[in-house]
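Next come two complexes, and both contain subunit A; in the first it sits with subunit B, in the second with subunit C.
Moving on, here comes the complex of A and B:
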């Protein structure tokens, strides 16, 4: 379970923003919070499988670009219609300027 | 004794309102009455790519398990036929009566009928899942589909029909498609996408007559052209469902008239979603009726809060989307409020038109592009519109300046 993979450089993502990361046939979303922490979730919305990385990050919320469903990207919690299924989250660490996620 | 909350119409708005009442901690009886045989479901997929699948499935808003878990009583396949306001009772088509403390009318809208003789079984409308399945059966390679009305539902269906190999003709009486609410520049791009996919679009010519023998429809245009089709789908707009409210003596004004808190002319009866007209605060209280999915959702939740006494005024900015082929259109605000336009290009052919009022206030934004290219900036524009911001034209037009930075200003 220690399959950490390098997703991007820490500077690749702006503060309060999100980036798409594809690995091993799966897609993830990597977030940088306003207070400069990094997080990762599944890349696709649980409503209609749309890439969340096209959405808007505000504080600890990612808003889906398609119908504005909301999730807390730190916990994966679905935060309001039309989404009701939570997002899976993944451990993240920053090492020597690289963002690593445990895709497990 | 508490009589509880009754919601008429188990669609997007009614379904969301019922769930919201429970999420807000309301513990009395919640009854959701709908005349369709299904669980509350989403209508947008009915005209989109989901239609092109072998066996389209219903996209329910709440499962029966969730409704049971939340103690929401869902009475389906039954119509509400009368409201006795004095007694606080609703009478249903199965003869039963439901008492209420507060009543929510979420009866939606219904397709506008083509007002001419000659329509038969090959002339259909789309509103329900049942309508969608009936249409789906005709969307196959070689079949000829005529779509009357170049609005969103008609154009989305045209795209789905092309995907399945049907030949498609769109008939629009106005000089161009999407006359209502969509800027010409964006309508032009959608028009071109349809033509490139092989759709024939005929604009600016009204229908003179329709002949339908149950096997084929023949549509004659005023200009003399004849269009023969295996199926004609009529998508010329929708009218609010207000019969029940009107008979109960509630004020009707392009829909069930409600105040900013979604209260009708009877303080114990609320109305929300496609069936109501309400004052839109962001445009100084201009009375509008919206036919939009997110509005139905938000108003359902707002009505629930106000049925419980929150006294909260509607403050949202209208928002709408449509998908055709790989293109996605999103509109925030009502573009007819604008007097001038600033264009912002986002790359890959995606762009946004910002609509500004005379005093420089941002009042609407219309965007189109592949996938979800315009989503983020439209969402930011929506927030700017909500804040009644007057962003500099140069900032709106320049890709180098992030819209998010304007929001902080």
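Moving on, here comes the complex of A and C:
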């Protein structure tokens, strides 16, 4: 499987921020870390299906905008109540200024 | 004071709970005022500074007033010290529980966790149970049968409202729940919002607290003095009035079963002391719409969104002047509520969704 799809331009996301990306009827969240690395996870919180792209990125953490549930967006690990289920992560690469994620 | 049976079923496992899920009223998409992402990010930014400053002031005042109360114990001079100590113990912990539970007060998470635990103990709210109940409160704010934190149900039980100011019923329920949980019993209602894997933690905290209260009572008996209980436990009663006074204004007399916080929440302008005790939760519409924004940024958020919100209630007194008549009218017609008028600059309510409720309230 090599379902790499172009999500956005690298410059579309500010450092330490997140952006929503919809593809094939699914929704993803693309992150740019403070170290200028890119990551991707499922776009909806595992607690109540709220878009994480409206949340806050702090270091390695994405905080859900509805109930402040926290995940490590690099590993997908849930970091305590009210989130109990980990977030699925996806491989990301930056190629010629474009952010690509492997959605398969 | 209630004379007719309510048509609303507030049980979390009752008829209205099922109905709210079936009709999509539960876990619905709520109205939000549009804010550009850049501004929202700035508002959401976390900082340890303001909460460390406020916590130092809070703890210092708590210790000094408690020490003064103990020093003057047995004389009338202890009364003003207990007055201050009680409010800091039995009221300001409501907002510390709330903000640190959201994880927004401090940037550093362990600081949120420490203050959360201290505040939970003082306000007598099991740290596990109440974290989950508040999560539900934000998902289903004032949705009948779903929100476990509706403080004034319809028709209003005014005796219960008055007793809340001295914490009698709250403390009674808190103690009963603590002993029940300590015995390993999680109720059917609690099971609707506390995930199974979290329930053992609720039991563990209840057992620790039971031990602390037992030690306090033992100390009081050993010393033959009421003082230990005046410092631990009872302040939740004699100091509760402030958090009840401001807390009732959050949603009291406003709409239920709607999905727009502008209709069911109230923003109230308050004096600086109350805002310190309450950690700016007087900006309650703003808090519900954007729970990611820390308490210290709520005044800025208010300035940014007030064009889209009902006019703020100008004072605590003004809030009670509109809320008490609404409660009295709800005794005759429980469907009555205060509909908040929007300014001309605001995006309108979803009238197709809210018209039925307005008609019933006439």
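Everything below uses one rule, namely that the second predicted complex is superposed on the first by the 104 of 104 C-alpha atoms of A that agree within 3 Å, B and C clash if a C-alpha of one lies under 4 Å from a C-alpha of the other, contacts with A are read in each partner's own complex, and residues count from 1 in each chain.
Here is the rule we use: contacts are C-beta pairs under 8 Å (C-beta built on N, C-alpha and C of every residue); 3 or more make two chains touch, one makes a residue touch a chain.
Because the structure is a prediction, the values reported are computed rather than measured.
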item	value
Touched partner set for A:70, first subunit B, second subunit C, both or neither	second
Partner chain(s) touched by A:51 [first = subunit B, second = subunit C, both, neither]	first
First, second, both or neither for A:82, with subunit B first and subunit C second	both
Subunit B versus subunit C as contact partner of A:3, first or second or both or neither	neither
Touching partner for A:95 - first (subunit B), second (subunit C), both, neither	neither
Residues of subunit A at both interfaces, subunit B in one complex, subunit C in the other	54-56, 63, 65-68, 81-82
Residues of subunit A that touch subunit C when the two form their complex	14, 17, 48, 54-56, 58, 63, 65-68, 70, 81-82, 84
Contacting residues of subunit B [partner subunit A, same complex]	16, 19, 42, 61, 293-294, 297, 301, 319, 321, 371-373, 375-376, 379-380, 404
Subunit A residues within the subunit B interface of the complex	16, 50-51, 54-56, 63, 65-68, 81-82
Residue numbers on subunit C that touch subunit A, as the complex places them	27, 40-41, 44-46, 102-104, 107, 128, 131-132, 135, 138-139, 195, 197-198, 290-292
